[in-house]
Amino acid sequence: NSAGGDAGSTDGRTLRVVLTQEPPTLEPCEASLTSTGVVVRSNITEPLVERDPVSGDLDPLLATGWKQTTPRTWTFDTRGGVTFQNGEPFTAEDAAFSIERAVNSDLACNVEGYVFGDDDLKVKTSGDNRLTVTTAEPDPILPLRLSFVEIVPRTTDTKAKVRIPIGTGPYAVRDWQPGAAISLNRYDDYWGKAPDFPRARYVWRSDASVRAAMIDKGEAEIAVALDPMEAEKDTTVAYPNNETTALRLDGREAPLDDRRVRRAIDMAVDRDGIIDALLGGLAEPAAQLVPPGVVGHNERIKPTRQDVTGARALVREAKADGVPTGRTITLVARNGMFSGVSETAEALQYQMQRIGLNVKVRMADTATHLQYQLRPLPENVGPIALLMMHGNQAGDTAFTTSQYLLSEGPQSTFGSKDLDRRVAEAGALSGDKRQKAFADLLARQNRTVVQYTHIAHMNGLLGLSRSIRYEPNSATGDELRLSEVGQATAARR
Amino acid sequence: MSEGITMPGEEHSAGLGSGAEAAATVAGAEAAAPGSGTEAAAPASGAGAAARASETEAAARASRTEAADRASGAGAADPALAPGTEAAPNPRDARTSRWWRMLGRDRAAAVGAVILGLVALVALFGPLVIGDRAQRQDLDASLRPPSLSEGVYGLLGTDVLGRSVLARLVEAAATTLSVAVPAVLCSLAVGSALGLWAGYHGGRRESLAMRVADVILSFPSLLIAVVVLYVFSPSALNIVLILAVTRIPVYLRTARAEAAELRSRLFVDAARTFGTPSRKIIYWHILPIALPTLLTVATLDFCFVMLTESSLSFLGIGIQPPEVSWGLMVAQGRQYLQTAWWITVLPGLAIVLTTVSATVLAAWARIATDPAQRWRLTLPTKRRGASAAVPPELIP
Amino acid sequence: MPDIRAASAASEASAASAASAATAEAAARPLLEVSGVTKSFGSGRRRLTALDGVDIRLGRGETLGLVGESGCGKSTLARVLLGLERPDAGTVRFDGTDPFALRGKELLAWRRRVQMVFQDPFASLNARMSAAELIGEPWRTHRDVVPTPKAREKRVRELLALVGLRDSDAHRYPGEFSGGQRQRIGIARALALDPDLIVCDEPVSALDLSVQAQVLNVLSELRERLGVAYVFISHDLSVVRYIADRVTVMYLGKVIEHGDTEEVFDRPQHPYTSALMSAAPVLDASRTTADREIQLQGEIPSPFDIPSGCRFRTRCPHAENLCTTEPPPLATRGTTAASGTHTALCHFPLGVAGESAGM
Amino acid sequence: MTRTAAPAPTGTDDPALDVEGLCVDLSTPLGTVRAVDGVSFSVRRGRTLALLGESGCGKSMTALSVVGLLDPAARVTGGAVRVRGSDTLRLSPAERRKLAGPVLSIVFQDALTALNPVQPVGRQIGEAFRIHRGLSRREAREKAIELMTRVGIPEPRERARSYPHQFSGGMRQRLLIAMAVALDPDVLIADEPTTALDVTVQAQIMRLLRDIQNERDMALVLITHDLAVVAQRADDVVIMYAGTVVEKGPVRDVFSAPRHPYTQGLLDSVPEHAVRGRPLPAVPGSPPELSAVPPGCAFQDRCPLVRERCVRERPVLRPAGEGRTTACHFAEELTHA
Amino acid sequence: MFPFLRKRIVSSAIPLVFVVLGVFFLARLTGNPVDLYLPLSATPEQRAEFSADQGFDLSIPAQLWNYLVDAAHLDFGTSLRTGESAGGMVLDAFPVTLQLAGVTMLLAVTGAVLVGSLAAYRPNSLVDRVASLLSMTAASIPDFWFAIMGVLVFGVGLGLLPTSGTLGGPEIWILPVATLLIRPFGVLVQVVRGSMVTALSAPYVKIARSKGAAPRRVIFGHALRNAVTPVLTVAGDLTVGLVNGAVIVETIFGWPGIGKLMIDSILQRDFAVLQAAVLLTAVTIFALNILVDVCHALTDPRVRQAVPA
């Protein structure tokens, strides 16, 4: 620990990663929290199956194969010859235990609510290597859901969450100095390919410029979530991070209850301008809540082109019909949602004002923002345009629609009966039909409901030191696989 | 340790001769005329003579003061306005012009005053001139560096939304001042009132007030800020209120200390012997004396308030866009430090310049308002000796 | 002092009436009667008795000189007389009433009758008020005394004239006056309410000789013309001897000798008084004091720890065992002058011819 | 110059302190004024010279310029201050510091503030030994205790550890004297050493000063405006008015037969000489403001003898009898009055 | 001295109570933290269950009572965010802040005493004016700006210092301390200068000079100790500011101090941690005030003997 600061010295053997914040815990069943998952997932612990972030296909990990035996039952074959970092062998019992612990216990694991809702799962093992999971309703995407369950040994505490987990992953936790750093050691008995770096070390800085400076200074090899300003440097790599920003318009309050006004707002936004000037060009204009690569993404809908005159005309028209377009709309955004968020909010406000609406900005903290985002929605706050960011990590639009498009969806302000029905129908489908049904659904919301003014599919910006080689993908933000990082033997790209 | 002594190059004769002395003598002679004129009318004997002699003396002294003031100020005394002919100079005019002259004597303070004046003018009238320029966005013109070719508004470059930094600086001046000034004034008023009351009465009332100050001081002000700004609305008014509340202890302590010291002064005792109620003693006797110190603290606090507002912006709980303050500009611009320095350096410079000017001016004002120190301003800087101390209450 | 006499007719009139009233009632009852006044500060071990059963009496138009070592409680007594400090025990009767029992209007009325001139003319005038404002300050509270602004202006001019200042001085600030002139403003302010009693706490000790003479002249002039009574505190014995009718000598919070000025100065009974007299340097070089000076030994005892018996015994050249055990009795000696007696608090008062300072 | 412990032999006619034509200029709001104007006097060892005059006439200023402790606002513009054969005004600060203490020493008036409130008095008294003799802390303390005994502080060993606020005014003044005489200076200047004290204490202090002076054969310059003190304690007197010397001579002679109307006025206004009930014969008026000392005689505004010549011409110090000088055009009239 | 201290301690403890109560209620005003800690899709039942677990379903007075009872047993609850004991987290974070604040104030006071005395010794000299200007500027620079500049210039540009972090040699202290330092230093220089000017014109300084004391002796032997009272007061208050508000430095440089912990727990509605942190800082501030008083008493014998009125 000399001149290199927290991240340790540049010894070429330690991979130093600088995050935005300290993980509150490393408990695997909380791995769907970004700040925990980025350290734990696929580094310390592994799930049965994993989703390929690029193709969207499911790949075997601790399960070698799976199939749906009845509409409500799936069986999994687990991998043999795998040991936990404490030396215990991995068996189907462990997998069953982990599922029980994450989904059915009283631990209130984050993954439980996030991926599985209320429904409990029935888990059975037969022999060391076979596992049967039974759901209450038919579930075509159960393996995908199970990709969120990190496998821990049977010895793990079931009464309380653990801070430092044991898993089967390529790295094991060596040491956690609270507030300062988390160090990992390569797990030498890892069943898969041994990673390049024998050691890894996480530190955290909340200021993006400091994270960037650490790469520049050679104090870290990887820095996450850099500011778009840094995009021009050759030490940064952008990657699509599955996040989509949008304005959610509260269709219950005038003037947003008028579709013309909502459509006008959609037309008022200068997506290209915002992306170029504020997001460093690191985003794609969006027309839907899910990015390409997610099941249900509709290739055919194009982002709305900015059309100020058209938008003004719509607003005027609405006004002529007695819609109180002068009422102040509150544009709520969250500090730190993404880099440049407050400028983006200002730009949106300005653009909305240009078409004759009255808008004020309110920057909120996470807790306050959540009050606006989640049902029960706050009362008596007037018309709200909520700047939100949605990340579909699971890769299936069903996760999006149930939250954002249902008229009673937890994160939706309104909707239509027709759409609700279609959502229910699409959820039961699989394969191409599923894709088509969801794609159609998304296009339909844009035509009939217009609850969202989609802004951009975001990109993350990763700082990478020249000494390493790493290809980020859409999952990098949630699951930074250290084993994919290699020493830069040859010149990088 | 003998810098008071200069080595005379040659033996200095004991008699008259220095230019300054000659000037003083002339002034004295001038002044003697009206004095002796009045004397002729009055009878003279005993203590009466004594009294009268001192009257003339005082009169002469007064007119001398004016004469000397004039001479030293303008460098050319108008003979038509010699003390003899001048019946009753308007004291207000004389006083105002004396202030200007004293300001002129302190170059640093004069520069400070000019800067502050400019800032105040810009804050008052700037927004009228620039119209909506500070808000007008042009995403295509994002981050243009300062240049002469882009018209007035391009002079200082543009920010990331393509807004003119100059226009934003102007508008931010208004916001910044409209936050800092009321915040300082509120805490000044409340804190001083409480502190004077506590200090004058002493005893239980004093300890009560001091405990209130302790509570406020040991409260994490960030907590209050977050609660008020996130839970209630994050308006400029609320920022003003928070800043005002958290700064109250500063004035409270200062005022208490001053009042506690002043309450045992003889003229306060004197007022009590007339039966003057405490409220009025505080208002008539204590407040006027404590005020310069309190105002100095206030000026210095001004700096603190601006910085705090800026730090709140850094944490995202300061002035909310699209309103803009210098602090917010610095905070928002910090990520462009490497690519577009002007967005953050210029407002930072504005803060530094304003507060340094205010501090310099406050130091000057302390001397200028103190009759016992004021004369120092008439000396050349080198010989001015110790100027007024920054009061110890300069507590952040 | 012709020019003081030349003051306006109004003040002349009020002065005359006050003077005649004073003479009429003078015999009837004393203006001021203080008996057994005790005052201490602090508490517990740090308790300090500043006044311990002090008695004084003062008739109308009389001047009482109060002398004593530094810290013996003179100023504290003055503050008690002014109602600035409430005594722990004992009574103060001003013209028959107890000022500490007064409230509201009556209190204000009493406040009008007793005024004070402070030792330090620099500190007792608020430097930010003009002479006129300073003199008129009491009227801000006592609005009825001089009701209209016009009348006030006039009265300020009268008062200025009375103390020998000019009209034009009204708009000057204390900083522009010399020490003597300031002290006159202080006196004028004390006179603004037409008081019956003025307590002067070392009014001249901050002033130098020639100014001191000017101020003393103003004070005695006023006494003659307005019939004001004074309590005159000083430790300059020659000044007291010049101005006072009676003298009270204090030591460590107690009155140890009281009597007519001439009596006390010429035939002191208490050894402390006698030592005091002898220590005062005199101008007349032929009468150098070196030979007859009574040198007091030791320091003044701490007021926190007052000696038993006679409090002067620690330094008294005549102290005997009795003095340690018994508090001294009040020794009274027949009077020579017309009024009052000459008392001393001593076991062994000095004889008439004995160690008299013989000035 | 190096310090030699042995005092210069007494009896020589060389004055221990010789001030000649001292002028001090003062920067004031009204410009530069001359606060001390050509003041000359000298004093031999064992003798006492009194500097007498109204408040503000420049007595302290004279004393401070002699010891080199003037405020930055004031500066010496002329004259010479000779001690031990060298003119202190022409010495470098470091050389001057060597004189301060062993040769020239001063006692200030305000004992309340002149002692450092946060240092034990023993340390303050011993400091001179540490500076000039390089004694250790302990040795200096012993010396300090000796001195405290000398000035009559009871239980000096214990009291050396006390702080100034634990002493009464008179004791503090004695401590100041102890401090000033620590190194047996040739010249001791006492600037109003008793003004704030009451008569019995004043008498004690004056006695102490006299005893110490006799013991160590010092020259004493006593600054005061108390005529009685001067009458009793001084050999010679210098009377100052508005920055100038108006009369100089042996005390006895000057007081019995003043040759300047100001001296006369001063002597008259002493209440000791007054008859009760009669007004005191005060000197009317107040001294001129330094910025406006009239041309001619500075005393003209207040002088009962003022003539036309006094307005025109400033009187210079002239001999007026043996050992006496006065600055009055009409000194003879007073003499014969 | 002891009665004086006892009295001071008793009277300062009262504000402590108010601070604790105040934080409790203010925290409750910020709303229910349930949403933050449950997944966005959590059901109402899950929310209710979570609330019950954490005791947020009780009435506010009941919550307060529980809190006070637990606090009396030095149990400050567990952090919602990390599940650790709040008291432990706070105690872990505190030394960092204390060290930062301590080092900063030590340097600030020493530096200010040197610079301020130098300036005061020759008022209005070049040194004085430069020192005054610099100190005023230092006191008015936004600290986060200074910090980021420092990182870019010294960390990246010149490569002299590490950019941030807490582990490593003494060099890692430089930037954080410098950032924290500027304002207290600027303020203190002015305070020291002011009170030194006063002290240097005091009569006892004249006496010291009349004894032939050299400038160094005059300044440090005599004037300084007399001038130090206001400096101590201000330094005490500045330290209070640092204990309460090193947030920005801790945020930028990644120091896991109490300031950052406090703001994080405010933003995360982690009441237990917030309450524990505020209580600890309030106690520290209380101790600090007493310390300042003791220092006053140590430097000034008059204070030591003062009879409490």
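Read from first to last, the chains carry the letters A, B, C, D and E; within each, the first residue is number 1.
Throughout what follows, contacts are C-beta pairs under 8 Å (C-beta built on N, C-alpha and C of every residue); 3 or more make two chains touch, one makes a residue touch a chain.
Small disclaimer: the values here were computed from a predicted structure and weren't measured.
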| item | value |
| --- | --- |
| Any chain in contact with chain A as well as chain B | E |
| Chains linked by the largest number of contacting C-beta pairs | B-E |
| Chain centre separation in whole Å, for chain D relative to chain B (CA means) | 42 |
| Chain B and chain E: spacing of chain centres that average the CA atoms, whole Å | 28 |
| Chain A and chain D, separation of their C-alpha mean positions in angstrom | 89 |
| Cα-centroid distance, chain A relative to chain C, in whole angstrom | 90 |
| Touching two or more other chains - residue numbers and ranges from chain B | 1, 3, 46-47, 50-52, 54, 61, 226, 230-231, 334, 337-338, 383, 385 |
| Shared-contact residues (touching 2 or more other chains) in chain C | 1, 178, 180-181, 214, 217, 221 |
| Overlap residues in chain E, where contacts from two or more other chains coincide | 30-31, 123, 148, 152, 201, 209, 214, 267 |
| Chain E contact footprint on chain B (complex, rising order) | 1, 3, 108, 202-203, 207, 210-211, 214-215, 217-224, 226-227, 230-231, 303, 306-307, 310-311, 314-315, 327, 330-331, 334, 337-338, 344, 348, 351-352, 355-356, 359-360, 381-396 |
| Complex interface listing, chain A residues touching chain B | 208-209, 227, 229, 270, 273-274, 276-278, 335-336, 339-340, 342-343, 345-347, 349-350, 361-365, 367-368 |
| Complex interface listing, chain E residues touching chain A | 30-31, 33, 35-36, 38-43, 45-46, 49-50, 53, 81-84, 89, 92-93, 96, 148, 151-152, 155-156, 159, 162-169, 171-172, 251-256, 267-269 |
| Of chain E, residues touching chain B in the complex | 11-12, 14-16, 18-19, 22-23, 26-27, 29-31, 120, 122-125, 129, 133, 136-137, 139-145, 148-149, 152, 183-184, 187, 190-191, 193-195, 197-198, 200-201, 209, 214-215, 218, 229-231, 233-234, 237-238, 240-241, 244-245, 247-248, 262-263, 266-267, 274, 278, 281-282, 285-286, 289, 309 |
| Residues on chain D engaged by chain E in the complex (per definition of touch) | 67, 69, 71-72, 94, 97-102, 105-106, 108, 110, 113-119, 124, 127-128, 131-132, 163, 165-166, 176, 179-180, 182 |
